[in-house]
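In the two complexes that follow, chain A is the common piece, with chain B as its partner first and chain C second.
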Partner chain A sequence: MAKVTLQATQPIDQYIHLGSMLWSLGLFVLAIYHLIPLDTPVTWSVDWLGALNIAFSFYIDGLSRLFILLITGIGALIFAFSGHYLAGHPHRHRFFLYLHLFMLAMLGVVTADNLLTLFIFWELTSFTSYLLIGFNHAAARSRRAALQGLLVTGAGGLCLLAGVILLAQITGSFALSEILSGDLVIHEHPLITAVIVLIGLGALTKSAQFPFHFWLPNAMEAPTPVSAFLHSATMVKAGIYLLARLHPVLSEAALWMPLLAITGSITAVLGGVLALKQRDLKQTLAYTTLMALGTLTALLSQPGTAAVAAASIFLVAHALYKATLFLSVGAIDHTLGAKRFSTLFGLWQRDRLFAFAWLAAALSLAGLPPALGFISKEMLYDSLLQTSGTSIWVLCALLLANAMMVALAFSMSVRILRPSPTAVRTKFAFFETGGPILMALLGLWLAMAPKALDQAMRTLLATWGDTAASEIIPLGLWHGINPALGLSLVTLSLGLLIGRFHARLYRRLHRLPMVSFDRGWDHFLATFVRFAESLTDMIQTNRLSRDLSWVLGTLTGLALLIAWNAPAWPHWEWGPAPLKLWLIVILILAGTMFSLIAQSRIAAITGLGVVGIGVALIFILFGAPDVAITQLLVETLLVVLIAVALLNLPTLPKQTGIRWGHATLALATGFVISGTLWGITTQPLDRTLTSFFEQASWTEAYGRNIVNVILVDFRALDTFGEIAVVLTAAIGAIALLKDMRMRKR
Partner chain B sequence: MNSLIYKVGANLLFGILLVFSIFMLLRGHNEPGGGFIGGLIGAVAFIVYALSENIAATRRVLRVNPEHLAVTGLTIALCSGLLGPLVQEGLFAGQWLFLGATETDKGWPISSVLLFDIGVYLTVLGAIIALVLEMERHL
Partner chain C sequence: MEALLSGLIGLLFAAALYQMLSGHFLRFLLGLVMISNAATLSVFVAGRLTLGQSPLIPKGADAPLVEVANALPQALVLTAIVIGLGLFAFTLFLAIRAFRRLGHLNANSALPGLRPRKETHS
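Up next, the complex of A and B:
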């Protein structure tokens, strides 16, 4: 223990801790000063793959700004928190590195202009979150959760890539700025359904929407600050960002609304129900995140800008209260050593300010005034009431989900406020409670003086068109008595009712049989691995003749398929050949026949050697001495190597008849190869390269042996790659041989 | 192998083949030959020797570990390629120096290209010898 405290007080730790915090805070301040006053989007670009029209480009508009502020602002508090939370942890430096990388990847996602740049950062967030979730890598649960998250979001990422490429095919551009500003009407394009499904899969897996919701609660295996960051401002919000980003161009398409509305509604309700089932605070919060993500997805399914405005405010409110709650759970877990609902008893007695932060966040979770959650919930109801009939189901689902949030907030608040005989005044660490208190106050301030947030929202909506923002009424806590307020009252009463019977409901829910998607995932993964294994067993039989049959059969099959569809067959031209050529052909044929009928391996190899020498002779006849020498040397080496190997092999079994299958395959392969060569040689020969090398090899590279000059000068990089392959192959073979020898012993 | 004729012949061949392999390496730029061919011939020389003697003896005449030889070769090839960027030219662009060149005589050429070919030679030589020696250990 003494050692741990010593480590914790090392000055380097202080530097890393404060440095990380200040760096993130600096980015936050920079974003406020440089991005907020600007009305026009900021762009920045570096050429990347010019030939493919792909640039490493960034585009920062109102939507990106909101996300940048959330990521850097909450990031700073997370860094402040983790420095204290992980003090003395042997891998804390690694943790900071991962968290930094993750934050930068996330910033990349929300600022990228080029869709492929976005995709790369998207994958980086999957990868770095894998490292963060699996941070406690000694625990099997942690490793499993990390792998699960990576596989689910990674598979979604691949779908996203396909969708992005299709979208670029339709719009003719990879640049988001061009796609968004284009007048092109793409929502009636025949491929748009595929685009929406693929991009939707990417966003829905990332945002843990039903039926991919199972990875998010498992990701709770990560240290608490990571969960706070992942859930509040990053990772799962990347999917929401993508949906919001493409909302202006895709929301008119037929599939958009039902796909997102249904998954979002199901996720929201499911998240609420599963949250009511938990006793562990961290798990409960994980499921409330599902509810929030479902709400956001459902909101973004709506075509109007009112829903987008509601989503943006909901996003801010959720980020603030969720980060507060997660960090608070981390703090009580760290200080009190438990994180169950019952741990909350008497928190008010322990630390009033901290309890106040918790209560403010709970108020926002429940959507009650004067918290920001109230404004966002009013806007949510308002926007859903505005749009036409089909959204009534969405409205009902979200109302139910919100009511369950009220119930949870009620359960928490009651426990915090109820005096406990055992609770005594407790000192929580400044760095651990400072963040939550700050964010709770910020949330209240933003709700009571909503001008700043209003401005941010309007800049954000500029992407949806110049007039989009003017339709939205200014943010405020009080808009008079209207239907939204009525729905809020319904939510509150329903929520209190659920809260009142929470204990009974909890038992009921536990008796209810439920399909476990988590176990389903294990099942799926096991089946998938079995499939891969059986496929491998089929192709890689560990018998050379069968393996070769697969390779040659595939090659021949494909070539025959191409030949079948060929428009015209090459023209066959007979001509007189010199006698020596005939002699060589006879030599080669004789060698082949000899190795076919040979009764011992050594004889068969000798036959093949004759074939090789015949081929080398052809090379010499046609003026390629270098190739001929190499061929001869390789033949020699081959015979030596095989002769060595033969001593270890059993003698050839007595041949009984012809193996017709192998014979057919061999003949077909020979036919295909000869045919291909024949086809190539009948084409007119393009001598551009030949004459270039003939001309340049002496004047530019001072060499008369063109083959060698090409190898060591013009194409030196290729040669370098080849010798690297030679070395790698040798190392691989040596490793195999060594392994065999070890096993023999 | 216990044949006296082979042993005597192998000793003779070993030296001749080694000299020949270096000859092939050096003439490669203008006549048939080069690092790859030279490396193969060198490897054959050592294999001939290994078959007449044994692995330990072959390792002794080689003096260095064949794996090390191969990696050194790859490094030399890479370094010769890095000379180009050093003088603001492309990666693996050939660099030439003509010592004592006059109007009529091009002098004594020294080039990064030859260095590269030596790298190829050593890589091929080392990789094949390492592989063959490992295989012979199974006998």
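Up next, the complex of A and C:
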């Protein structure tokens, strides 16, 4: 043990490294001693959005505890590994930060009670995994993989949100604990199909199920410890967690079984086939994860406790062997500089203990005794044999997938054990091989003394509120000669057959034309961007008439739509109008028409002047002399301005006929404005402000002209703003003119 | 009275928008003047109409003795008219500048350099 040294460059690195490891380990030990023995769920809640009945609440039952143990336990080993693996890396501190955030987000997912809290943590795992996958951000491949993972799981997350809200509407509660304990029969509710599809999309994208499986192998761009963590205990397992969590309430519904059984089976077989196609160890492992996730999904498609028990044991077995294998690949990559299948040759000669860990994990991968994988595989076959009907197809698919795992394990073991003339004893770093060895031994111990795991599984099922836990047969390597054992033997022989012809199969598979979902994703993204661009091109043309038409059309269309759906119309009434007003209106309309049909600029401006004076007359008629004066002044100024400007402007283009399209649009908009205004004036008016100004104008501000007092006293700041606007416009205009004069010279 | 003026305002808006839609910037400017008038008038009408009585407080009284015109929209309209002038003046000089620069005022031809450049996606 004296050889154990940290190669970290600074003491602070050692603190971060060991501190992270101990913190995670501490959580693990705490969970074992304080959570596992409890036979009731732990709840904890803080009020968050009281008005919406949303609480920041947690609910820790058997299933949560299982995941907590996996996350913190494997997390500790990942931290231990990463400290050494990334020693001296310029961004190692950032890496630890991301990894911590990721672990916490994952812990949040598996302990959240409120469905919206769960959703938030769910999205946090997507974000933090984005940072982790894209950790080598200088590499374009890495960035692409990170973005792809984020987009796929993020889109799934949005589906999950919609599904969760629907589920809460059906059950009347956002709290998982209430939904799970409720007596409400929801699997016949008309909306349940939508719930299952939406939540299913969330879980299936996260767990990289077919046809969303493509992001997971790309996520291998992440540093190896991240891959190990993502694949064994976190991220992709979040989807599985969600399926298992909702299994008691949703598994009875009609769509649950086919959806999960089909996607799970396809993913499992596809994962196996693609794994056989790889030469790179890390890629191979990525595809075996797909196979494991497919198996878990297919298992959870089955109703009943047996399937859940089998899934939970499979989860533990898979987490242990997958983390072992990934960390081992990281170790040989780091030490030997390669991670291809051929790198494995002579590993036994290099380091016996390390090779032993690898072999134990491979044994578990293949599902052979005395590894934990064997127990879980037996349970899997057993639970599938119990339920009849379509599960026979699932059974066949999973058997085939398992056989391919046997073949892979066989290929690995043969290479490890075969002596190689070039292999010499190699010293692997303690922190890099320690974890794998520990986990391999733990797996073997759990399998050979299954009592501990058996008890844990039973508490898990008990706190889950499931009474059928006692029907599960005790865990063990030997249950006598039974159908499950027979199926295991079939799997083994089929697997050895595939393994024997692996090399030939490899060449065949490479000649086979295959649809690339990864490239399909690129096509999808490109099409999406093109669609957005063409939409922008259509709406935002930079041609005045068309852009304005879009704005007016939308405004008018929306207004008409609202009017159409209005529950009640205002009471229209046509108040009598004095003759003077009629005359003024006719004057204004005449001016308008004159300005519209005018072919010369002077005529058009004259028409405008008539309109302006007509408006001023209206102000005079209705007791607004100040406004009328201002209006007349402004009209005069306008004429002066335009007269000066006309010297520098072109003449109006000749109008040929009426533009009917524009006329219709303009009239429709005018109609909507008229109607709105008329509707407003039929409603009672709140005169509170006006009467305040009337009362306070003299008594408080000592002015008898109420309008003036409002402008210069009560709303003086507004007037100040108005002056500022006019000044700014003037400065702008001067700047425009000045620059022009300089150009002339 | 409100109904009649509402109808008038709608027609003013329609005429103004018809001008603005023409695609020639000079007609757009004519429409802008008219739409300013229509907008101020609509604020005024929305505050209800009172014939003849200006919002003034007679000597010796603390408040208006009879019902007078709504003072609040008048104040708002005053501000709006002045700001409308500022806006128009600025747009007018913008038009002059644009004419100098481009040689025409046709706002329906794609202006150079105004189109958003397409980003290249890798």
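Here is the rule we use: the second predicted complex is superposed on the first by the 549 of 745 C-alpha atoms of A that agree within 3 Å, B and C clash if a C-alpha of one lies under 4 Å from a C-alpha of the other, contacts with A are read in each partner's own complex, and residues count from 1 in each chain.
Everything below uses one rule, namely that a contact is a pair of C-beta atoms (placed from the backbone, for glycine too) under 8 Å apart; a residue touches a chain by one contact, two chains touch by 3 or more.
If you're wondering where the values come from, they're calculated on a predicted model, not measured in any experiment.
Put chain B and chain C next to each other and count what each touches on chain A; the higher total goes to C. Residue contacts after overlaying the shared chain place A:L717 against chain B, while chain C stays out of touching range.
With both structures placed on the common chain, the touch criterion links A:V640 to chain B but leaves chain C unconnected. Once the two complexes are overlaid on the shared chain, A:S674 sits against chain C while remaining clear of chain B. Once the two complexes are overlaid on the shared chain, A:R543 sits against chain C while remaining clear of chain B. Of the two partner chains placed by superposition, A:A139 touches none, neither chain B nor chain C.
Legend: residue contacts after superposition of the two complexes on their common chain; A:L737 is shown touching both chain B and chain C.
By the touch criterion defined above, A:A449 reaches neither chain B nor chain C. Once chain A of one complex is fitted onto chain A of the other, the partner contacts of A:Y702 are limited to chain B, with no touch recorded for chain C.
According to the touch criterion, the shared surface of chain A, contacted by chain B in one complex and chain C in the other, consists of residues 625-626, 630, 634, 637, 641, 645, 648, 704-705, 707, 711, 719, 726, 729-730, 733, 737, 740. Residue ranges on chain B touching chain A, taken from their complex, read 24, 28-37, 40-41, 43-44, 47, 51, 67, 70-71, 73-74, 77-78, 81, 91-92, 94, 96, 106, 109, 111, 113, 116-117, 119-120, 123-124, 126-128, 130-132, 134-139. Only residues 140, 526, 529, 533, 536, 540, 542-546, 548-549, 552, 572-578, 581-582, 585, 588-589, 592-593, 595-596, 601, 604-605, 608, 611-612, 615, 618-619, 621-627, 630-631, 634, 637-638, 641-642, 645, 648-650, 652-653, 659, 662-663, 665-667, 669-671, 673-675, 677-678, 680-682, 685, 687, 689-690, 693-695, 697-699, 704-707, 710-711, 715, 718-719, 722, 725-726, 728-730, 732-733, 736-737, 739-740, 743 of chain A touch chain C when the two sit together in their complex. In the complex of the two chains, the chain C residues touching chain A come out as 1-28, 30, 33-34, 37, 40-42, 44-59, 61-64, 68-72, 74-75, 77-79, 81-90, 92-97, 99-100, 104-105, 107-111, 114-116, 118, 121-122. Residues of chain A that touch chain B in their complex: 625-626, 629-630, 633-634, 636-637, 640-641, 644-645, 647-648, 701-705, 707-709, 711-713, 716-717, 719-720, 723-724, 726-727, 729-731, 733-734, 737-738, 740-741.
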